[in-house]
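These are the structures, in C-alpha cells.
Here come two complexes built around subunit A, the first alongside subunit B, the second alongside subunit C.
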Partner chain A sequence: MSAERAPGLLAGDSLNLRLARRSLGLIALCLVLLPFADLAITTHDPWAELERMLAGLLHPDMLATESLPHAIALTIGFALWGTLLGVVLGFPLALLSPRSRLLRGSCAFVRAIHELFWALLLLQVFGLSAVTAIAALTIPYAGIFAKVYAEILELTPRAPVDALPEGVGRLSRFVYAELPMVWARLSSYTRYRFECAMRSSVLLGFVGLPTLGFHLESAFREGRYPEAGALLWVFYLMIASLHLWGHRRLLPWIALGSLFLLGPWPDIDGALLWRFISVDLWPKPLLEGNWSGLWQWFGEIPDLLPAIGNTLLLGLMGTAGSLVVALLLWPLASRHFGNRPTRMAGKGVLILMRSTPELMLAFIFLLMLGPSMLPAWLALSLHNGALIAFLVARHADAIVPGSHALPASSRYTYELLPRLYGGLLALLFYRAETIIRETALLGMLGIATLGFHIDSSFAYLMFDQAFFLLLITAGLNIAVDALARRYRPREIADTPGERDRPAGEATC
Partner chain B sequence: MRWLVACLLILVSTAATAETFRFTAIPDEDQSRLEERFDKVARYLEDQLGVAVEYVPVKSYSAAVSAFRNDQVQLAWFGGLTGVQARRLVPDSRAIAQGKEDAEFRTYFIANHDSGVDTQGDDLPKNVQGKSFTFGAKTSTSGRLMPEYYIREQFGAPPKSLFSRVGFSGDHTRTIALVESGTYDIGAVNFKVWDAAVADGRVDTDKVDVIWKTPTYPDYQWTVRGDVDGRYGDGFTDEVRQALLDMHDPELLESFPRQGFIPADNDDYQPIEDVGEKLGLLR
Partner chain C sequence: MSVEELVRFDGEALGHARHTVLADLSLGLRAGERVALLGPSGVGKSTLLAALRQRLGHRVAWCPQEHGLVPPLSVYHNVYMGRLERHSALANLINLLRPRRDAWRDIQALCGELGLEGLLKRPVAQLSGGQRQRVAIARALYQAREVFLGDEPVASIDPHQARRLLYMVQSQHATCVIALHQRELALTHFDRVWGLRDGQLILDAPARELTLDDLDTLYPDAHSSDAQPEPA
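Let's turn to the complex of A and B:
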C-alpha cells in the first residue's frame, strides 16, 4: 500500500499512531453526527435558582432529613449485600463462562440492563423492600463479576501450575497454584466494585428504595437545597472515607449488623409473581397468538427509531466528550504536576465530579442552558471524563519521569501522555458501554432516549412495553460493547502499575 | 410433602393477617419529614380503628401503586389517575374519600413573562403555539393528564406538535422553578402548589404568572383494597372512611395538605378514567 512507501500524516503501523487514528476517528465521527443532535442553547435567567443551590451546598442543613443514620445504614447495607451476593454468583460463573457461549451471553444480558431498571422491574414483584434493592444490585453485578473475574483469571501466570507434580487434582491446582496468584487482583477489583455499589445504592433511592437517594432526590426536586446539600456532603464523605471504614476485617461485621435493619422482608405473593412473569411482561396479542394484533401493538410503541438514534448519538457524544475531559483533567490529580495543595484540590474536584449523580449535573446544566441534548452531553462527559482522569492520574503516578528539567507542558506531551494513552483509551472504550447505559438514565430528564420511554412505560404500568424496550436497550449495549472491544487497544502501555489492574475498573 | 408446604403456607399467611393495617400517602407538595408527619396520622387512625396502623413512606405514585398492588399497603392516598391505575390492578378496591378541594381541582397554566404570553382569558392563549412547554410528572393528573386533555381539546393537536419542546419536570415545584428561570416558557401546575408557593413568597410573580385556569375535575382520593373487610373485620372499610371524614385536627390535615375529607366513590373518577384511556395512558 502507499502508506508503506511514503508514510504520510498519521499513517504507519506503530502503536501510538494506531491509537491516535482511533481517537481522531471517534471524535470525527462525533463531529459529523453532531448536526443531528438537538443542541440549542436557550439561556434565560437561571441565576436565582443556581444561587439557591450554591447556598444550599455551602450552608447544608444536617438536621433537615429524618432518620438520616437509618438511610446511611441501609445505603451501606444494600451495597454490601448486593456486592457480596454478586460475588457469590459471579465467581462460579467466571469459572464456567469461558466454556459456555450461552452463559457468557446471559451474563452480558443481565449486566446490560441498568441497576435502576432492574429495580423498577423487581419493584413490581417484591415491592419496596430490601429484596428489590439487593437483587437489583446482585443481578447485574453477578454478570459484571463473571466477566471481569474471568478476564483476571485468564491472566493467571502458568509457572506455579507447571511446577506441580503430575496427578494433582483440578481443585487443588486451582486453590493452591492459581487462586493465590490472582487473589490480590480479584480482591482489589471487588473492593472497587463495592465503591460502585455505594453509588448505585444511593441511586436506588431515586426510584423509592429507602437509601440516601430517597431523601436526596425529594429534597433536590422540591428545591429544598440546604437539605439536598447536606445529603450530598454526607454522600461525598461516605465515598471519600471508604478506605477508613471499609476495612476487610470490619466489613463482615457491618454486613451482619445491617441484616437487622434490612427487614421487614416481604411476603411474596406467588400468584402475583407468576402473573407478572407469565402475563404482564408479554404483549397480550403475542400470548393470544394474534399476529395482526401484535403488529398493532408494535405500532403503539412511541418513536422507537428516534429513541434508538438519540440513545446511540448521546452515547457517542458522551464517549468523545469524556475523552476530551479526561485528557484535560488528569494532570490535576497527578504527582507530576502542581504542588501538594493543587493536587489535593484537583483530586477533590475529580471526586466531586465523578461521585455526583449525573442526573443532578444534568439538571444544573438544564437550568443554565435550557432543554436540549446539551445538558445531558455535558453531564455525561464531565462525570465519565473525571472518572477516567482519576484512574489515569493513578497510572501516571506509577511512572518515574526520566528528566525533571522538562517544563510541565513537555512533560505532559512528550513524556507522560505517550505512555499513558493506550491505557486511557482502553479505559474509555471499556467505559463506552457504561455511558450508553447511563444515557438511558438521563432519559428521565425528558431527553427522548430509550430510557425515557422505559421510564414512561413503567409509570403507565405497561410492563410489556417496558420489557420490550429493555430488551432492545440490552441488545444495543451488547452491540456497543462488542464494537468497543473490537477497537479497544490490547497492547498495555509500559507503566508498572497498570499491568496489575484490569481495565474493568472503569465500569461503574 | 405437598401437605407440608400447604400447611406452611397457611401458617405464614395467617401470621401475616394478625397484621398491621398499612397506608401510604404522598403530599402534592413538601415531601420533607414524611414519617414524622404521617406517623401522627397513623396514631390517629390507630385510635379510631382499634388495629395497629403503620405509615409506609413512598416517593412516587408508581411506587405507591406497586406497594398497593403487592399488598404492602392496604390504604393509599392517590392522585386521580394513579388511583384509577391502582383500582384497575387490584380488583374490588374502592375510592372511599377525597379532599374537600379535590372535587373541584384545577390546573394552572403558567408562563414566563419574557415569553410574551401573558393574557389571562377564558381560553388558553393562542400564542402559546411554538413556545417550549413542560408538564409535571408523567402520571400526575394535574401536571400531565388534564392539561394534555385541555390542550388537545382547544387546539385539536397533541402537545408535541403544538409546542417547540415538551418536557416532563417530574414535580410541580420544579415546574415553577423551570418556568421562573425561563428554561421553559410555559408550564402546567397543580393549583394548590402554585397558590401555596405564591402565599409563601417562594415564587417571583414578576417573572412568572398564571395565564389560564382549567375547568375543574376530580383529583386526589383515598383508595382501600377490597379484601380489608375480610381481613380486619366486617365493616372495616366503612370504619376507615368514617375515620377519614372525622379527621378535623388541622395539624393532621396539614400533611396532605387538605382542609378536610369528604366521601367519594369509584364513579366520581369515571371522567379521569375516560380521559386516561383517550390519551393512551391507560389501556
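Let's turn to the complex of A and C:
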C-alpha cells in the first residue's frame, strides 16, 4: 500500500511554489550579505529630528522661500521641455530601433545613466543653465521613449493595414492605419513620463539648478523645517493637480510661456565643447596610446571594487526590502480589507510614498539617521514597495472574492495572494533596473556607492575618471536589467494587457 | 458567346505558409457575373477572397470584415482610406487635419445613401456593429473599382437593409464575389453560387438552377440549430 506522502516544506512544482522559492532565495541572499553593509545610526537623537521635521510638515511656512513661483515655473518648464524634446528624439528612434542592434544598444546606454548624472556631466559644459536641465532630462528620456514606444508600436493590430487598397505609400499607411490604433497608449505613456519628469526636474535642484529641489535641499540641510515642509506640500500639490493644469490644450501655452523664464541661455563655445568631448572625458594615457600608463591610471581610481560591491549590495537590499514592504502594504489600499476611512488613509500613504523620489526620501532619512546605507535602504524599500503595493492593490480590486466571510488572514493567504503573487514579483523584477539606477545615484548623498565617486570626481574636475565611472554604472545597470529579465516570472506578465499597463507605470 | 474571364484557378492549392485551406481548386470568374460564396464558417471563404484580391490587384474594391476599420478615426477618414493611394502623402496628411472639400462632398453623399448621414465626424469606435459594416461597405464603394469582393459585408444587418445594400453594391459593380450566410439572398440576388465544404469547391452552378435544399447540402448540420455558429 503506497499512500501519497504529504510534500515537504515548499516542495512541489506549481508556479507559486517556484516563485516562493525564488523570492525566499532573494531574501536569504540579502540576509547573508547584510553583515557587509554599513547600517550604523550615527545621529544623536533620530526621533527628535523626525519630530521636528513632522512639526515642520504640520506647520508649513509658505512665505519663507524667496521666488517660490519662479522655482515652480522653472520646475514645470524644465519637465515640459525635457519630455517634449525626449518625444521628438525618441519617436523616430522607436521607428528605427527594431532594425538596428547598435541603435537599441545606444538607447539602453543613455537611459542607464540617471538624469542627475547627465546633469552633472552637462553642467561642466553648459553651467547652471536651462540647457543643462533640459538636456539632462531629454537625453535619457529619448532612450526610454525609444524603447517603450517601440514596444507599443510592435503590438499594432495588422487588420487595418491589410484592408488598405494596393499601392498606399508608407507614410500614409502609418498615419492612417497604424498610428491611430496605438495613439491612446502612446499618449497615456507620455503623460505618465511627464509626471516622472516633474519629479526628476525637482531633483535637478540637488545639483544646484534652481528648481524646487534646490530650495528644498537647502531648507532641509539648514534645518529650516517649516520652510521645507511648505516646499514638500507644494511639490505634492503640483503632482496631485497635474490632471487639472496638465490639459492637452493648455500644455503648449505653458511650454511657450515658460520659454521666457528659462533664460539666460549660455554662450556655447564650440571649441571648448569639442575639447571636453574629445579630450577631457578620456584618460590621458589612452589618448597617448600609453598602455602601461593606462594600467597605472586604473590603479588610481579610489575604491572601485568596494563601490561596485556596495552598489550591488544596496540594490539587492532595496529589492528584497521592496518585496517585504509591498507584501505588507498592499492590503492597505485594497477593497478587500478594512473600511472606507482606512482605505482612504492607506491609499494616501502609498501615493505619498510613491510620489516622493527615492533621493528625497533618502535625504530626509539621512538627516535623521546619519550617513550610512540605512537611510538609502529605507528610502529604496519604502518608495518602491509602496509603488508596487499600489499597483498590486489595483489588481486585487479586480478580483471578485469567491468564497464568503473568510477571516482577513485567510483571505490574504489563500484567496488573493496566490493570484497576485506572480504579478507582484514581475513588477519587482521589472523595477530592479530602476532600483539599481537609483542606488548608484544615492551615492550623491554621501553613501559609498558608485554615485559618491562620480560626484566627487566631478567635484575635483577629474572628468576622465567621472566619465569612466559613469560607463561602469551604465554597464552595471544594463547587466542587472538583463539578469532581472531572466528571472522575471514570464508566465503571468506576458499577456499583452498586463504587459504594458503596470509595467509601463513602474519605470520611473 | 465568349465572355472575358477575369481570373482562373486550375487545380491550385490555397492556404497559408504550411497549412492548405483549399486543395485542388478549379474555378473561373467571368466579367459581369455576380457570385455568391457560401459555406460554413472557417471553410476558407476568406482565403478564396484574399486569393482573388491578389490576382485582380488594382481592379478590386475590397470590403473585408469590420476589423479592417480604424476605430479611433472618424467615419469620414475611414471611408476616405478607400482612395488613400490616389493622393500624395502630403495631401493625405493635410486631410487628416482638415478634410478635403471634394472628398467630403462625395463621402457625405455616399454615406447618406447608406443611412450614415450625420455620422461623418463620429469615431467608428462609437458606432454600432451594423453601422460599422455599412462604413466598411462605404469604403469599398468609394474605391470605385471594377470588381467588388466582400467578406460577409451584410452579416449582421437585417434582411430588408441587406437587400438594399446588395442592390447598391451590384448597381455599381457588374462583377462581384460576396461571401454570405443568408442562403435566400444567394438565390435572389446573384447569378452564380460557389459552395465550399471540407476544403473543396463542391458547388459551382448558376443560381437559377438551384434550390434552398441544394444549398443546405453545404452545411453539415443545417437542421440542428446550435451546430452552426453565427459567423462573427
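In the analysis below, the second predicted complex is superposed on the first by the 441 of 508 C-alpha atoms of A that agree within 3 Å, B and C clash if a C-alpha of one lies under 4 Å from a C-alpha of the other, contacts with A are read in each partner's own complex, and residues count from 1 in each chain.
By definition in this document, contacts are C-beta pairs under 8 Å (C-beta built on N, C-alpha and C of every residue); 3 or more make two chains touch, one makes a residue touch a chain.
None of these values were measured; they are calculated from a predicted model.
Asker: For A:S188, is the partner it touches subunit B (first), subunit C (second), both, or none of the two (neither)?
Answerer: neither
Asker: Using the touch definition from the top, say if A:E49 reaches subunit B (first), subunit C (second), both or neither.
Answerer: first
Asker: Should A:A177 be classified as contacting the first partner (subunit B), the second (subunit C), both, or neither?
Answerer: A:A177: touches subunit C, not subunit B.
Asker: Output check: A:T156 vs subunit B and subunit C. Expected answer is one of first, second, both, neither. What do you get?
Answerer: After superposing on A, A:T156 lies clear of both subunit B and subunit C.
Asker: I'd like to know which partner A:N16 touches here: subunit B for first, subunit C for second, both or neither.
Answerer: neither
Asker: After superposition on the shared chain, which partner residues are touched by A:N290: those of subunit B (first), subunit C (second), both, or neither?
Answerer: A:N290 contacts neither subunit B nor subunit C.
Asker: Touching A:G169, do we find subunit B (first), subunit C (second), both, or neither?
Answerer: A:G169 sits against subunit C, while subunit B stays out of touch.
Asker: Please name the chain, subunit B or subunit C, that touches the greater number of residues in subunit A.
Answerer: B
Asker: List the residues on subunit A that touch subunit B in their complex, please.
Answerer: 42, 44-46, 48-49, 64, 66-67, 123-129, 205, 207-208, 210, 214, 217-219, 221-224, 227, 266-267, 269, 272, 300, 366-367, 370-372, 444, 446, 455-456, 458-462
Asker: Tell me, which parts of subunit A touch subunit C in their complex?
Answerer: 157, 159-160, 162-169, 171-173, 175-177, 180-181, 183-184
Asker: Flag every residue of subunit B that touches subunit A in the complex, lowest number first.
Answerer: Result: residues 12-13, 16, 29-36, 56-60, 62-63, 65-67, 69-72, 85, 89, 112, 114, 132, 134, 137-139, 165-171, 173-174, 177-178, 180-184, 202, 204, 207, 280-283 of subunit B touch subunit A.
Asker: Within their complex, state which residues of subunit C touch subunit A.
Answerer: So the residues of subunit C in touch with subunit A come to 57-58, 62, 64, 67-73, 77, 81-85, 87, 89, 92-93, 96, 143.
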